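When the chains are written out, they are named A, B, C and D in that same order, and each has its own residue count from 1.
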């Protein structure tokens, strides 16, 4: 039983050409002219691209006794609806919890995933047990470890622990990730704002200025440098952080930066909306920045100093957001984006001339697969690769609206934005899962993707 | 009649995997496991990579009534010996000469080329005729135009002409290149040095300090920015020039920088050698720089702010160099390098850990093919690509010596350097042209590679 | 016959203290407590500061058969009204004209100057005569030479000439100044705009983008570096130019940057005013920039990477501006500012907290006197200095209006701006020339200030 | 009883002129021509400058049950011998100790001081008591607070405490200082080196790379920015730290950087000396760096991005250094320098053309007095200032040697360096305390200098 995508133009990270794609058994079997298959899909006028990969999601993430509302079922459905065929989520052990036990818990959530997925493991505490279990986590196909420099009193680790963990990553051939904000200063600024009576969502932005993010990025880079390990900085939102990354790269360091589609296209004025709900729905960390920061992020994608675009999808309903009425520090942090990342990046990136189509593929898929060591199984249109494919119709357009979205939450931060460039077909390991607005996803289809560590040094 | 390269590990710009390569009719016909062919080549223990491309050579270049000594025969033989399967040379019209007529003259020189080649057209004067002929040159498959900001009174063009030509490039979808040094200042410094009695080869270096190159690079970038065209800066030799490129890229401009293998590995102390011949043989523009500049260039290749490595191969014999005894400004500018570029870059780049093997392929071949619009015909290991392939033996080593080189000149600027990593086999459009030290090149095998312009804006 | 300024607080570039100032014979005779004099001036509540120095004016400048409208009489009266007690004007030889002859012409214009003045000599052409006369110009007390990198076909000199003149400056201990814009590119952009039918004043701004200024600044710096001479960049208007200056200073070069009060406080939106006259009155080169550039200039004054604030006062009436109706390139370049520089800098600099009072004095007076080698005769409150003093009342305020200005032109680019901080008294070499709104200036009181060269190297 | 310094050339931070200086009652009474006094000192051929101020010393500093060997008697004698007439020392409270009690202890040490002195108060722990006592410390004339970001487990404070203390400084108009090195990383690197058997003094340098200092500087700057307070970074030793300072200044922040005379002139090769004693005597934090870092520091003094030069004088004998045999972390940190700072800065700065004489005065005295709020009482040659004066003979020279030094330790890190430019006379508040090699210092002459806070915000 084979499928063939006919008459399209293949667009990969490094070239563009007209060819058909033959799929069998979930993989790309052939690429060439006039291929035949049992089932044909017409890609006329479309671009045939590697399915998107979102390297940064939080599905069904525990939070104050409840969970972020999109779970692996609705979250991966949203992903597929927008042309994203794989997500990488974060396993977050509780303090003193075994990494392996946490991993089991997270794995349990994925039973209804509709697309493939992988995990990053978070290092939320430090000790001999963590040190040792890191090797087992790598053996299970998870050679990437996340570190929070913010969320003091909860997930945050200090410089000591960062350095110890980064060294351990170096020894294991694993990649450390950081959420870079100075947690001490964020906590102090938040306290000060609350004491001064600033308890609304706009105070969230005040409590996390770009300088605070830039500082932490710079610090993480130094620690990675001392440990002799590459570094991946999640949700780079501002010039200060980007500048630190550029400076590191310019001395030859391997540092990667991940802007979010939100930071590329939305700005801080959202927090000044008079409607508490409107503003609170946009509360995430780092917060949206001003237009100069957006310009910096786009230029980074153009210059190659930033490499990938993610969502940090962590969806809370308006009801959940309202936990923070009267105290912005209690507003659950996170926004959606999984369904919108690809169309918004195409619309604001490719249609404006900022990015070439090849750069779009690189930033939304291929670079991620390379950095996370799963290329070309994922992120590629080559023979033998998983048939995670999006057939992209550059003419299809829609107005983004919560009323029509796959995510279970009741709003969308991109509400009202017109996007041009949408999937005609989406394939997940060869299965047709989306046909224009028609969702054909199957809960449970998604599988865990094990990734290799780098060779031991 | 097919050939198959067996048991090797394919290394491309974006991945590394074990597979065989099947060649037929000069092209790659298949890539896969256990391929069979009429003739087999054992690549055990080797890397199978796209043949190198040198984007910057001057073969049989006219100079003061004579020519640079390596012509298309010996030059391409040297190239192939070192794993480079294509060169891009510069067509240099005389003042007031028709571009088309010059192109004919250059084309005439290529009859004995042993590998494929293309041209850049130089804009050495300006006028209505040049403006118009540029379109015809593009139509002939040469969408790249070189501009000299130095060599005052000879090849140099001024800012007016640069801007006019860059605008014309923009309109034609062509890529402007610049030799970036401030010709006025070089001429004045040279005059001053001669007047002060500094007439030896070391004065050549004094006459062209890094600041003078950085300035011109910065100026060319501004002019390209105003004209709305990308820019390719040849022989970037110093931090000043690199800094200007970084600054441009960081605002989103498409500026490319080409360090030479010489500037990456040799330093200015060569000019202080007491032996006039030793120093004069290293005279090229820009001159070799100090170690800090070398560090900047390597970091640029690592960070992606510099993209390609070339040679500016322009070989003059010691006798020719001696035209400049008593007046360094008369020493013909140029060194060799075609045979050495790949082994030296591998030895000093990959073996030291500075570059990954994939980055080596990108810098020596793939990025060049992409920037010059001939990818994936060249610079790729994919089905349908030209079978320009080097089977690289990372264990083979030699000591570089003029006594064993293909170039016809009587010295080698890398003399005595031990390199580890050399071709086992080299294929040019499917023909085996090198087997270890055994040269099997065939004069006349090489063909002109026509390149496409970018889409008109 | 002595005067004493009583009860004030002296503010100099390096300190602030309460003391009286005793004046005799045009000089400061004593500074101390409880001084007595024949005439007393009450400075209660005021700051006693060195009179302002404007290093950049064009009074009665020849232009297309007419002259800029403020001459040395009205111009110096305007200066004094705003607390500026000295101006440095530019002597502009015609092509092939003797520098000395031009100087005589310029000197003839100064008969009615109401405050002291000096000149910069412009190098508008190059030759043996210029080379030789430069020494005589220095001997006459003018050790600063201006070079125009723009105004192609008129004042512009090329890189050759710049380098020759900068070398000559080095030999003479003189300071080169540059108007930094790439004249070739400005001319080409202007032509292109006119051809496209953009002939209004807003096209003036389009024809001189920041990149064009930054490039020229960078080039002038390199040439100064090669010539071994300091450099003074007039009217630095943008981050690009400022960045080049910072980069130079950071390698230890002595490069000075002069923002204008206009560029610090007015922005490019002025050119988009629907009223042709409004926009044309703001036409100057470089044009006003956006707010980010303003921020850069203020930060430069704070950090010390920019040192002085000038006006480039060159006042044309609306009638004169109208020469350029239908062709923006014919709009005479220049705005006023002499009367407003000090109050506007105080209001937007000191009152906002950007600058300390001491920094205000440094930027408006002392640094200029130091850089131009006339400190502490000018720019200082010390015994023996010329009694050029402004008694500044930080509470006095007014709304700037052409209807009340000293300049003879019919508009003011700061029209409607409220300033707080104005002179109570102004003394020019000991003579009271302004008492609040009361002008007591005396045409012909001003004298030429001869300045020393730096020691020969 | 008056003294007059005759026939000299006065050199201050902002000008140079010939005048006599009349001293009475410890202060400068008059400056002018042909002054008469009871006692005359011939300054022919000499420069009359403000006495040096060393903003960073540790005299009789407690260390592991003993003390740094130069106390206020020998230390201030050394200072005066080299033309430094004031030192600012650090009061270091023990954990939980009252700041006021510590200050009393420190004050007790100063009974035999031969020159004037002041203190910085260190914040070595945090709590309500510290918060409150800071106001009292300011009231006692000490508006500057030092923070250690290194020396983990001892003096180090964390980001929380830094931010709290910086905010307190802002409220009090006080200036925070930081020793900027990432203490966590230093501790971990040290541990790692020891475990690997690297226990010699060279490992001290390995344990504190420039990146570790640059990171902490960057972090302190961000925290100061958030607290809205200026910042003074002590012993800036490297480009990384300097770069962070430049970046801050370039956004308008008031950040000051203090290179040490050691880092300006000595390099890391000292640690590779085979003689343990030689290397250990140079152990200080930050360690000496390479020549590129030296170049950065000198350029900073030229550009104004670094402002002052200090010594961090903390003198341990070879015997004391030997506590660290077998474990470099136990080598007491510190070198001498008080006697040598001025002659070495003059020799390597002024005599080489890097700094003007005025810049020498600024960096060695005036800028310090300004930043620490004691100008022009100190750091100035003006009427009413303290007569802390050095009469500098630019022709006098000597070879630095421990055998002839005032410091009580048995070596000198500048041993063998020839300096040209030495005091002929030194006056401390009008008393002649040095006459060439003749020491006339009087223990107990020195007095505490109270300094003002900045106005409350």
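Methods note: contacts are C-beta pairs under 8 Å (C-beta built on N, C-alpha and C of every residue); 3 or more make two chains touch, one makes a residue touch a chain.
Owing to the predicted nature of the structure, the values given are computational and were not obtained by experimental measurement.
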Lowest number of touching-chain links that must be crossed from chain B to chain D: 2
Turning angle required so that chain B lies on chain C, C-alpha fit (0 to 180°, nearest 5): 180
For chain A paired with chain D, centre-to-centre distance based on mean C-alpha positions, whole Å: 50
Rounded Å distance, chain A centre to chain C centre (Cα mean): 53
Distance from chain B to chain A - Cα centre to Cα centre, in angstrom: 39
Sequence positions of chain C contacting 2 or more other chains: none
Topology of the chain contact graph, where touching chains are joined (line, ring, star, complete, other): ring
Which chain pairs touch, all of them: A-B, A-D, B-C, C-D
Chain A contact footprint on chain D (complex, rising order): 158-160, 163-164, 182, 184-185, 187-189, 209, 211-212, 214-215, 218-219, 222-223, 225-226, 243, 247
Contact footprint of chain D on chain C as seen in their complex: 13-15, 31-32, 246, 249-252, 254, 298-300, 302-305, 354, 366, 370, 375-376, 383
